[in-house]
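What follows is one structure encoded as structure tokens, with my remarks underneath.
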Amino acid sequence: MDQLQNYLFIAAALFSLGLFAVITRRNAVAVLMGVELILNSANVNFLAFSRFGGMNFNGHVFALFVIIMAAVEAAVALAIIINLYNNYQSINVDEASQLKR
Amino acid sequence: MNIFIEYSLFIFFLPLAAFLINIFFGKRLPRQGDWVSIGAVLFTLALSMAMFAGMIFSYDPDFQVESSFTWINLGDFNIQLGFLVDNITITMLLVVALISSMSHIFSIKYMAGDPLYSRYYAYLSLFTFSMNGIVLSNNLMLLYMSWELVGLSSYLLIGFWFAKKSAADAGMKAFLTNRVGDIGFFIGIMLLFTAVGSVVYSDIFTSVADGNLAGTLLTMAGIGLFIGAMGKSSQFPLHIWLPDAMEGPTPVSALMHAATMVAAGVFMMVRLFPIMTPDALVFVAYIGGFTALFASTIAITQNDIKKVLAYSTVSQLGFMIMSVGTGAYVAAFFHLVTHAAFKANLFYGSGSVIHAMHHALHKKNDHETDPQDMRNMGGFKSRMPTTYRAMLVSTLAIAGVPFFSGFLSKDAILSGSLSFANHHPEHFLLPIFGFSAALLTAFYMFRLMYMTFHNEPRMPELIEEIHESPKEMTFPLVLLATLSFFIFYTLPYFNPFSDQGWFTYVIEAKTSLVHGAPSAHAIAEGIHHSHLPAMIISVLVAGLGFFLAWQMYLKRKLSAERYANKFSTLHRLSLNKFYVDELYARFIYTPVLKLADKIAFLDWDLYDKYVVDGFGKFTEWFADLIGKVDYDGLDQGIVDGTGRTANRLGDILRNLQTGRLQNYILFALFGVILIVIVQTMV
Amino acid sequence: MVSNILSWLIWLPVAGMVAILLIPRNKVEVIKIVAAVSTGLQLWLAIMLWLNFDSATGSFQFMENVAWIPSFNISYALGVDGLSLPMVILTPLLSFLCIFVSWKIDRGVKGYFALFLLLDTGMIGVFLALDFFLFFVFWEVMLLPMYFLIGMWGGPQREYAAIKFFLYTLVGSVLMLIAILSLYFTCGYTFSIPELIESAPSALDGSLWWGMSAIKVIWVLLFVGFAIKIPVFPFHTWLPLVHVEAPTAVSVILAGVLLKMGIYGILRINYPMLPDAVFWFAGALAVLGLINIIWGAMCALAQKDLKKLVAYSSINHMGFAMLGMAAVIAASGLHGENYIAAQAGITGAVFQMFNHGTISAMLFILVGVIYDRAHHRDIDGFGGLAKQMPVYAGVTMVAFMAGLGLPGLSGFISEFMCFMGAFPVFRVIVIISTLGIVLNAAYFLSAYKRIFFGELNEKYSGLSEIDGRELFTLIPLAVITLILGVYPGPFLNMIKETMSVLIDQVVLIGNFAVIP
Amino acid sequence: MSELLFWFMTAMTIGSALIVVLHSNLFYSALALVVTLFGVAAFYVFLWADFLAGVQVFIYIGGILILILFGIMLTNKISSVNISHSKFHQGIAAVIVMGIFSILGWMILKTPWLHIVQQEPSQTVGRIGRLLMTEYLLPFEVASVLLLSALIGAAMLSRKAN
Amino acid sequence: MNNLQSLSYYWPELLLVTIILTAVIYDLLTKPSESQRVGLLVFAGLILTLFANWFTSAERNITLFLDSLALDPFAQFFKTIIIFSTLFVILISRKSNELRNYRTGEYYTLIAIMVFGMFLMVSAIDLIMVYLSIEVVSISSFILAGYLKKDQRSNESSLKYVIYGAFSSGLMLFGLSILFGLTGTTKFFEIQNALAGLDTSSHFALIIASIFILAGFGYKISAVPFHFWTPDVYEGAPTPVTAYLSVAPKAAGFALAIRFFHVLFTDAGLLLDSGNGISTIPWPQVLAGISVATMTLGNLVAIQQSSVKRMLAYSSIAHAGYMLMAMPILSGNGVFAIMIYLVMYLFMNLGAFFVVIIVKNKTGGETFEDFRGLGWEMPIVGIVMALFMLSLTGIPPTAGFIGKFYLFAAVIKAGPAFYWLVFAGAVNSVISLYYYMHVVKVMFFEGESKKKLLFPSVLESTLIITLAVPTLLLGIYWTPIAEWITNSLRFYYQSI
């Protein structure tokens, strides 16, 4: 296993853990934290590929945008969560299930 | 255009015009339009007589005029319709016109006061029209069409008193039974047409003579056509409609079920005799012979005067058919002609009796007693002398007593069968059928006469009210009785023991066109040889029949009851017409109707219901699946499938959509894995 | 002679529809009159067409052709030949009569007649279209008004019947669409029916789809589409239901015209375009015809509902036509070039198509007449009506007799020709199917007996006799039935050249070697 | 040495990520996320992306994480126990996620990734900046629109109803 | 083309950004009760943009901003579609009672931002642009879905949307990172070149990357199995937003997907029959499978709905499935079919949703029960709704049929190998008939003739007729549309 693959594995692990959080957490904020893990894993990928692909700065730029996106997403998501909390007094994802069937 | 064809056109279309006038305007015409129909039929009678005279004067056995036009022309597919006028046609036309005229006249009084009087005459005209079509046709197509129209008019006339359920049933039965026969007829036509490419007799004859059509196929065609004849001529096993048809007005019975419509089958066999293969003829002969005997065994125990005559008709038709089968087709035609006269007469006679009974009962306000039941009659001889005499003459004729017409024709038939058995000893049954039937004929006819006219009245209270029928009704009786004497058929000869005369001259037997069939000459030779023994035997058996009847019903020396008890099984069988109707009901009608119900059920309640109806039904079905195993799996599985699967799948998918977000994601991921696997594996 | 007569025929009803939509909805009489006038004019045009029709040629006449969507090679192409002309006459006739049949509609009159006229356009469009795409559009256009007419003015189960009808036919038409497109792409990028007839047989020759000849695949797709309309045995169950639920006029149109489209389609499309498959399928067609005859008759025999009986009789009658169509292969060398049989069969089938149109229309109108009076159609619920309504009984007798194929009425000739044609090729099948002759008679007569004969049911002693308007709708049909039954010559002359061309298209171009 | 450091960081990152995912106390999870994000930042450094490591620390830890903590504070009682689904649900999720992970692992091992050896760049900020001003100018501007929309949205949602 | 030069080709978008900013400022200056006016501003601005878009020269394909964006007729086609749908949605929104209680300034601003995002989506040819544009659209739609702050259902749909959206974009991002790793670049053209020389042992990674990216696209066009959010969000969101989401982002998603797959996996525009290494990956089959799964699921579940709105949501999944039919055969015909379908779909789907809004304004509900007897009570609305339903089913002579016709034609043209796909489409059309006709049935077959008829307001009538007329007319004569699309695709197959 070379170095690149190490990083890729770390990214894959973070990605999987992020997915796991998204799937299993009931609390919306916790789900959001899982999403952050996923985004970070992608960033690790980008930078790793950048580093071992001939120091390609495109990956850096991409990662930068991802971080911006993460911030935006977190802001909007939290706004929505808080709004929901005001209406439901709960932010457990599975309790928000009026919309079934 | 030949004068005969012109006459034929008139004969053909006049009744049709009468029918149309009467059906649309009859009610509004004076006398409800009966004169239209009567006039038309009398005119055809006059024309027929003119043609007959022409025939007699020319006295040419080979006389033949034919005229056709193309009815359907598709290029290769052509159907020609047309008339063929030869001696057979002319003779038959006369018979039809005569009997028909008699019926028309007889009905004036018989049907007087009926609310649908004009329609009755319209139907009679329609019948005459269709019957003339059968007679005049020079091709199978027009024959078949007229054949069916005869079926229609018989349906209408038998069911004329439709408010009576039995009449309506009988009409339908007649039509349907005829249609069963028509299947055979139709198949025969198709076989011939396919081989010949034409429906015209002469083309077919030429083709058969050329050997284009032979062997089994021709036999099949012949038998097919014969099955049609069986239907019309009421041969076993399609005879069931005729006795029931007596539900119709009696003049109708006389017209159709004695003289004309039922004769159509025989007429067709006579016309098409040249293409009948020996094999087919054997079949024909056996059917005819058996019917002759079978029907007469039923006739001996019937108490309804018209039923006796009906079975007698069946039996006589059996004679004719047998005769065709044995090759003596001229004899068959001869018997057809003579039988037409005397049997029509018998029917008119019985009509007269019934009419009288009916009026008497009506006067007595008795609506329970059956006016047709001979057990209620007796001693009418003095009250209705004309009727009695006329019927007696006809009875003698039908029984085959010398000096009467029936003797001549029956004798010819019996000698034909005897000769046939001589040549083909394996067919010894045929003459036995014939002679036994002749014996029984004499027996039941005299039984009828004795029960009706002789002895003391069984209902003495009625006898005062029984009167001779009016002129319109007795005139046909007298006329037809006269025609039952031999002399009209043997002219210019006066030999009462030989059928030799104008008839056998102009209606000359033609050799069958089928290869290997015996020549007309050979057949005639055989008949000639068997003539004497046949005559002797027939006179003997007729005498024996008469004697038995005389002993039993007039002298009461022999007790009918005792014999009935002695042979109770046979008696019951005969009385109940051998349960043929019941057997049919049990083994044909009921199963077919049940099958129809089953199919309809299958179609509508199973197949259809579960194709598209599966929606929604599924849940219900699933719930009580355990208790409900009565539908078979196949139907459920295949037919219901579509709708239900869609529904069930929908349910499952809907449950996926739980509203719980993370399940969605889980499924999405699962989908991703699935796609990866598919993509890598494929 | 009007120029563009075919376009006029098609668009006249639409003009009527637009006019009706503009009339206020409470002016009921005006609406009806407009409907009657527009269909009447259409009928007049159809008669003009017939009078000017040249029956000496088997090719298309009065052709119109305007490019419609050039990018997809779709054109507005119309034409008429001996195959479509009978239906082009029948459709306006029945539409015109049906306006009077529906005269008593009292609910949503405006919508009813507007939809009815649209239906009229769809139907006649199907028969006149010479562009496959146009054909398909008209084919579907006709579905919509049908759906609404059944669903809004039908009987108690109308919603179910309407959707069932729609679903069934849509299944057929999507399959047809697939076939149309397949033909388009494989046979020279054209929708023109005459061009496809030219090009399809050779273009498809030898191409295999999933180990099966493309010809067969397309045949099956088209056939199922048309078979549902006919309807052929396993696809028939919509018919009784829809007939029972539909209002009288719709039943008349359905039986009189819509069912014919299936047969028309097969003869117009399948036969000339896929002649090879005709040989492959003729046997199956005959068997299906047999099943239709027997199955339909048996089901009819068991019915208690008069309308359902008539509906099943349609299934039965269509069987005869199928039998006749199958006979076309008789003209091939394989069957001894028996042109006699082929002509008889295929002409008989077309004739049967027309005859069933008039006869079943009569039957349904008659059912409607009695239903309007007694408010039920239970056969056993009547009895003895012949005494109460003699004229009605008489007309019914004519219709029933025509239905059971009585000589002298048109149904007989066509059935007879179908049988005659099919016999040399499908001997056993035809012999079995002649049973249908008896069964036909059995169900018609037993129904007649139960309704009209016997003692008069006291409940109906007040039933009024058939009135003038109803007679007006029946008599033309009865007269046609009678005239064609006695003298079919003019009619057959009108179609025979086209039929000859069709037979040649099948047997001369068709390669009757076994196709994979 | 750097090898050892790498593995240590790996262990720390993954370990803390596990806590993020599994810990039943949301607050601890958030704190563990800090550690994880730091770990990731360390990897960025290993990967010669010092600028991004800085950005990571500033924006993620300084911005997003604080935001998340606010979210937790505002919406939850901190000791809310059952923030995760049932064990059964977790089991299924674990299976699926393991599936994904193994697919990814397989992919990582099997694929011949690009390996272009390169010197560590002297500076990264300049390169990134230049890219942002040239090739990625438009995305850069679009990001502003993105932020604007988030701003409008968040403001709209959290504004007191009028 | 460098950044400065690009600006001269970029003025539709610049105009749009100006409108967004103006709207934000204008919103600040208006009273809440008059916030509808922002909508009018955006409406006017969009019309300008429409013209700007039309007049922007696109005689050939050019790339802008150093290969970040493509400016080609293809993109312009989709932009036009997007603008049209937005214009309709703005008008529809003004008529919706749901939004009446809210300040709608931000609403219209967000819609404008979304339009901007979609403009980027349809022309993005850079991975970063792809990601960012999708996010712009997503973020705006999250907020729009939750715009009814006081409505729990709206909140909930918003939450689901945001989580699902974040998850999907995370997945896509991961995929993008792998793709970046494989090719070392973010530009489509360079990716295309790189992939052409890719070793076959990398194909597995390529597949994984593509599938993960597909998750992002699939989520936008709601293809199975990434569709799960659709019904919930569609039901909870304000109806105009639902209508919008079901048309515009879907169109943009298709544009993006077409471009992406076209660039990555095709050889001269054909997925099939090419010797290229990438073509050996069984993409067509997988896409076809997804297509069938999508339409089948959408239709089957739609049957069971009791709410018309939710039924339409599922049906929009099904329509995505139909359009996906043409994806496996990324030939000119396939793309053409998708494009023409989108045009047809725009009118009929927006129309159907607008009728739902009218009904909801009248009865307060959107279940089938609320539609009972509508045809008798409001004949115009009923007839028009019936038309939309028929068109959605694909019955001639309506626009929907033409769409389906082209889709089927495209697939059939590809040869018998894909007949099963056509059959699946055909079967699904039939299934869909059942629930679409259910609406018609409820509207016309139930209920009774009314003495007094109701008519929608003039504006509503105009709008509904404006949507209905093309739905009918395009079913009869669609040559202009076909030519427009042909022109739009003129360069597409030459250049890329």
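For reference, chains read A, B, C, D and E in written order, and residue numbers begin at 1 within each chain.
Note that a residue touches a chain if its C-beta (ideal position, glycine included) is under 8 Å from a C-beta of that chain, and two chains touch if they have at least 3 such contacts.
Everything numeric here is computed off the predicted structure, so don't read it as measured data.
Contact with both subunit A and subunit D is made by B, E.
When C-beta pairs in contact are tallied for each pair of chains, A-D comes out on top.
Set against the Cα centre of subunit B, the chain with the most distant centre is D.
When every chain is reduced to the mean of its C-alpha atoms, the one closest to the centre of the whole protein set is C. Between subunit B and subunit D, the centres computed from C-alpha atoms are 101 Å apart. Distance between chain centres (mean CA atoms), subunit A to subunit B: 95 Å. As a whole-number value, the distance joining the C-alpha centres of subunit C and subunit E reads 43 Å. Work out the mean CA point of subunit A and of subunit C, and you get 65 Å between them.
Residue positions of subunit E with contacts to 2 or more other chains are 128, 132, 135, 139, 142-143, 146, 149-150, 159-160, 163, 167, 171, 178, 181, 184, 204, 208, 231-232.
Chain contacts: subunit D has residues 85, 89, 93, 96-97, 100, 103-104, 113-114, 135-136, 139, 143, 146, 150, 153, 157 touching two or more partner chains.
Residues of subunit A in contact with at least two other chains: 8, 15, 18-19, 22-24, 28, 31-32, 43, 48-49, 53-54, 58, 61, 65, 69, 72, 76, 80-81, 83, 93-94, 96-100. A list of each chain pair in contact follows: A-B, A-D, A-E, B-C, B-D, B-E, C-E, D-E.
By the touch criterion stated above, subunit E contacts subunit A in their complex at residues 127-128, 131-132, 135, 139, 142-143, 146, 149-150, 152-153, 155-160, 162-163, 166-167, 169-171, 173-174, 176-178, 180-181, 184-186, 231-232, 235-236.
Those residues of subunit A that touch subunit D in the shared complex are 1-2, 4-10, 12-21, 23-30, 32-34, 36-37, 40, 43-44, 47-55, 57-58, 60-61, 63-65, 67-72, 74-76, 78-83, 85, 91, 94. By the touch criterion stated above, subunit B contacts subunit A in their complex at residues 654, 657-662, 665-666, 669. By the touch criterion given at the top, residues 164, 167-168, 237, 240-241, 295, 298-299, 301-303, 339-341, 343-344, 347, 384, 386-387, 394, 401, 406-408, 412-413, 417, 419-421, 423-424, 430-431, 434-435, 437-438, 441-442, 445-446, 449, 452-456, 487-489, 492-493, 496, 499-500 of subunit C touch subunit B in their complex.
Of all residues in subunit B, only 646-647, 649-651, 653-654, 656-657, 659, 661, 663-665, 667-668, 670-672, 674-676, 678-680, 682 touch subunit E in the complex they form.
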